[in-house]
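All chains are identified by letter, namely A, B, C and D, in their written order; residue positions are counted from 1 within each chain.
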Amino acid sequence: VTDILRYRPAADEYVWTFGGAAPVARIAPGTVLELFTEDCFAGRVRGTADLVSEVVEFPYVNPQTGPFHVDGAEPGDTLAVHFVSIEPARDWAASTTVPLFGALTSTHLTATLQEPLPEVVWIWQLDRAARLCRFEARFGDFTVDLPMDPMHGTVGVAPANLEVRSALVPDAHGGNMDSPEMRAGVTCYLGVNVPGGLLSLGDGHARQGEGETCGVAVECAMDTVVIVDLLKGRPCPWPRIESDTHLMTTGSARPLEDAFRIAQAELVHWLRDEYGLALLDAYQLVSQAVEAPLANVVDTNYTSVAKLRKEWLPGAAPMDGAHARLREQAASYRAAHL
Amino acid sequence: VTDILRYRPAADEYVWTFGGAAPVARIAPGTVLELFTEDCFAGRVRGTADLVSEVVEFPYVNPQTGPFHVDGAEPGDTLAVHFVSIEPARDWAASTTVPLFGALTSTHLTATLQEPLPEVVWIWQLDRAARLCRFEARFGDFTVDLPMDPMHGTVGVAPANLEVRSALVPDAHGGNMDSPEMRAGVTCYLGVNVPGGLLSLGDGHARQGEGETCGVAVECAMDTVVIVDLLKGRPCPWPRIESDTHLMTTGSARPLEDAFRIAQAELVHWLRDEYGLALLDAYQLVSQAVEAPLANVVDTNYTSVAKLRKEWLPGAAPMDGAHARLREQAASYRAAHL
Amino acid sequence: VTDILRYRPAADEYVWTFGGAAPVARIAPGTVLELFTEDCFAGRVRGTADLVSEVVEFPYVNPQTGPFHVDGAEPGDTLAVHFVSIEPARDWAASTTVPLFGALTSTHLTATLQEPLPEVVWIWQLDRAARLCRFEARFGDFTVDLPMDPMHGTVGVAPANLEVRSALVPDAHGGNMDSPEMRAGVTCYLGVNVPGGLLSLGDGHARQGEGETCGVAVECAMDTVVIVDLLKGRPCPWPRIESDTHLMTTGSARPLEDAFRIAQAELVHWLRDEYGLALLDAYQLVSQAVEAPLANVVDTNYTSVAKLRKEWLPGAAPMDGAHARLREQAASYRAAHL
Amino acid sequence: VTDILRYRPAADEYVWTFGGAAPVARIAPGTVLELFTEDCFAGRVRGTADLVSEVVEFPYVNPQTGPFHVDGAEPGDTLAVHFVSIEPARDWAASTTVPLFGALTSTHLTATLQEPLPEVVWIWQLDRAARLCRFEARFGDFTVDLPMDPMHGTVGVAPANLEVRSALVPDAHGGNMDSPEMRAGVTCYLGVNVPGGLLSLGDGHARQGEGETCGVAVECAMDTVVIVDLLKGRPCPWPRIESDTHLMTTGSARPLEDAFRIAQAELVHWLRDEYGLALLDAYQLVSQAVEAPLANVVDTNYTSVAKLRKEWLPGAAPMDGAHARLREQAASYRAAHL
């Protein structure tokens, strides 16, 4: 039988970092977590008058649900986090510009002497039945419905090197990668750095463009179900994602070419290590076959994804076959509970 | 009636730069060009023993077919280059590693004290009927067929600022952008910098991964048909691409985030200028709706593409409706000639 | 009377992070600290056979002496840390190459598929009387004496945003900036992020080139005296350094131009805020008068310094005159104790 | 006897590119050139009302004096350009902000949606007898005299790869490096890419901060004397500078760490090739001994300099002893003519 843990944090139970927080629960590998995640604004942006600079209390931004201590997880192991479902918990979502944050503005790191861009809030209406997100222009009457494509911007474990990182940061421990690929149906692999791993997630997006250009997606609270498994004795240097169709690797760094290099080198190494290709053959195959969707070009580190169709690879079940196994477990759970 | 010009350069008629070469022909706007382009190795890599460092004579690499002087083209105008068809001219293609070139090696610009990677050649078999490219491992017996998706890595005009640029360089004049989006069916917009524009193209790829990780795609000679139109009085600061479904902008720069910024800002400005959105509304919409496929992360400048579904935009015919018009002209040409 | 605190950590009393460690002492503003700092290898590299990859136990690298809780320090205040003296504690020092670390090699962030550079150790003899560091070639018989110029690579406070950072990281909290400017006679200003500030320092270098090219300086244990003062109600967003002759600002980020931008913008703002220049006048003056010595181009963030002669500025005593005051206090201390 | 050529271009005789222009004279190796160079604005900014965006006619900016064809120069050789004297030709100089240009603003490459900074002109008075440059604030009454330190921002040869580059661009051919190290008394080494080399120079600065933060130095016309020598059969991949005291290498690239890497690797290679150090010994010595003054962080490529004291090196006369020889020739010239 599968353990199922339902957890909806109280207002004062969110965490704001990866590492540095006591676990809210200890779970056995294979546990299903039924979670509520608040939006990145801690729910404080509810209308176009709610400017982030006024209503959000830094550093209490991007609240995470967790962390969960996975029994038996040790450094050198990997957590496999399968996203069973990610469903917007409200019928609206918010996006904004934030002063000195985003790709098309100067920032605290890309410093200039110019004035910041104006601060503007957009409230998006979500039609959950039709799976649509409605954009309404603030400075005109244009409206358009975009497909809903729910995802988690942030998922990760406690970092290595004795560090505690803000939930705004993506790095080798995962965190705020802001990749649209983190949608229902995929398995995310996260290398364990501390006993128990200490998994948290949050920052739901009803949808997001690749790169998250203005720095903020269609932000909304989520009802999310994940199954958490443990792969013993198998390291995972950078977060990986597996879908039914693709292998994906991630890299988070600056400048953006370094994020690209990490993700691509990780994919080459994955093909070498699990599919038996020689290093340079893997390099060649990746060069011609890879997709390279950007995740974010706005956070403390930028995140690049490398993505390869599994059908083009020799018949291996990577990562100990975790994805297929979790896919089945998810189907059973869905049959019983959804 | 449409002018049709067939041009297959002799071995000594290729050009190796954008700018700095006399036009091979003067053409009227609307002319159909039936072209042959040689591969980036000038056809000298024909087997796995043909190492680039031995058989290619630098700087005579990446030969271009052209340039074509478009009658009436003046600085401030834009060329619209519609790709009617791009067909591999041989049943094989070549790819290689090149010492100190590529994303996962140190290079002349990202200098290290390490030894270069080994130089290896892969010959890909092309099944043009089945539209497949066959990868054969060099260091094992793995083989896989990838879909053929022919494209031109290089298309551009003479640059601004009195410059002449190597055909290996992508920049605001186009050039070696190496984007898989440059496939048959799209229209590429290139701002004119000198009288006549001086359009050239080359560097055909039977297919290419996003980012062109090892620096070299599945390189092959091409039989290509383009229609070249002229948009008077309409500038285009960076190359744009329009397909039946998408608007695309490009940016080429280093570091990669600057290429991303250019492409994204260009798309925001396009929505503002041709679709009537306010600047910040355009920024928000792009942030949630954009795809950001990388083109190359290996050349002198890196190239990022921003891509937006036209169905999500108000009903405008951008760029004076050039794409629809050229699409029709291409259909007529195809009906008559293919 | 001045409080003097002498502190030499036991082997298990070093800390490896900024933030996240309990203070070893509470001190009043104005306290003189007589400290011992271990070298970045925790003293484990003592000969050319002691390879970092074998003798150092990650993440226990770059040990820090501290942290010290400064009474009354609150977020929004600034610590002024005056370096009275920095003296090598041994008559030798060590430097090495470290696999996948340094500016002229691929690294974990600038990932390539090449082999790492070989791991080599150099032991430098220090002639403390003559103030010389002797380089001896490992692969030949060349020897040269370079001037000793002792400095601390690492000095900082607990970071903002609830974070704990590895002692290998430089950022807005200071940390591993690796600037040769951090020598005896200067005052370093560090903005306080948490109550008490939590100051630590370590990573002594007998000397270092600008940029710390191979990633490792002439590393040695130090006997160091600092005076720690508190500037109430005065924020300091990024670490600053003041010498008798120069104002200096720092920025730590990637890519390196972002580190440069931060340091230069900080200097412009300093001139505007404390010397009464208009923003653009300050921009112009800095543009023509600044020196821009690099600190490190190898750590998790790169560090750039902007440096301006005080004699060229209107007669202000910046930072509440802290440097002049501490300079006097240091003279008294020296007269009494050295 | 030494050839002396005096050349003061007429208004229509300046060139705006490296490469692509016919030589104004053929000179023998060893020729003394007595040159006039116009300022980067082509002399059009003469008062605070002369905004660059209004008075300068792009791309006719940064006029160069030359090019000079050096008899016998072939690809694989190196030009040694010794700066005998660089003297401001007027008693004033100009600096400005330029919209979307400079380090502390968004630019055409680092694109944002913000408004550009205001355009402001500063006129600097030059006291050539006292060797002082007077800064006068535009928005207050602050005035300060900075030491005059005349230099050339731009010196270079025709580029490789069949290219023609704008005089605003620094790269392996030299060009607009904007390094304060290019002052009287140094010898600049430039690798020859085309027959005759085609040397030009311009862009005099009465002084400049390191990094040229706002993008524009204290710009003035110059009376400059150089001696041009030819080193046969000796390549020089990137520009080098030798002074009486230092070896210097340069790298020009983006991001800035790549410029740093090039300059540092060039210096390591120089020590290996001319001073007999093993590669890793050279790496270690450079790491501890180098100075790394930035040149520009504003141009199309950023330029970093690596600088090493010759007294710390084994007794070699690098570059065939060209600097010492040219120093002597300069002394003779000075004795006879100045």
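Following the convention adopted for this analysis, contacts are C-beta pairs under 8 Å (C-beta built on N, C-alpha and C of every residue); 3 or more make two chains touch, one makes a residue touch a chain.
Since the structure is predicted, the reported quantities are computational estimates derived from the model, not experimental observations.
Asks: Starting from the defined contact criterion, work out which chains touch chain A and chain B both, please.
Replies: Under the touch definition, chain A and chain B have C, D as mutual neighbours.
Asks: As a test of understanding: of all chains, whose mean C-alpha position lies farthest from that of chain C?
Replies: Relative to chain C, the chain with the farthest C-alpha centre is B.
Asks: In terms of C-beta pairs in contact, which of C-D and A-C ranks higher?
Replies: Looking at C-D and A-C side by side, C-D shows more C-beta contacts.
Asks: Approximately how many whole Å separate the CA-defined centres of chain A and chain D?
Replies: 48
Asks: Would you mind pulling out the distance in Å between where the CA atoms of chain C average out and where those of chain D do?
Replies: Distance between chain centres: 33 Å.
Asks: Using CA atom averages as chain centres, what separation in Å is found between chain A and chain C?
Replies: That pair's centroid distance is 35 Å.
Asks: Please set out, as single numbers or ranges, the residues of chain B touching at least two other chains.
Replies: 104, 110-113, 117, 254-255, 261, 264-265, 268, 280, 283
Asks: With touch defined as at the start, can you tell me which chain D residues reach chain B in the complex?
Replies: Against chain B, chain D makes touches at 16-17, 19-20, 58-59, 108-113, 160-166, 168, 251, 253-255, 258, 261-262, 264-266, 268, 279-280, 283.
Asks: Okay, in this complex, where on chain B does chain C touch?
Replies: Of all residues in chain B, those touching chain C are 104-106, 110-117, 255.
Asks: Can you tell me which positions in chain A touch chain B when the two form their complex?
Replies: Residue list for chain A touching chain B: 95, 97, 103-104, 117-118, 120, 122, 124, 133, 135, 137-140, 142, 144, 146, 207-218, 254-257, 260-261, 264-265, 268, 276-278, 280-281, 283-294, 297, 302, 304, 312-314.
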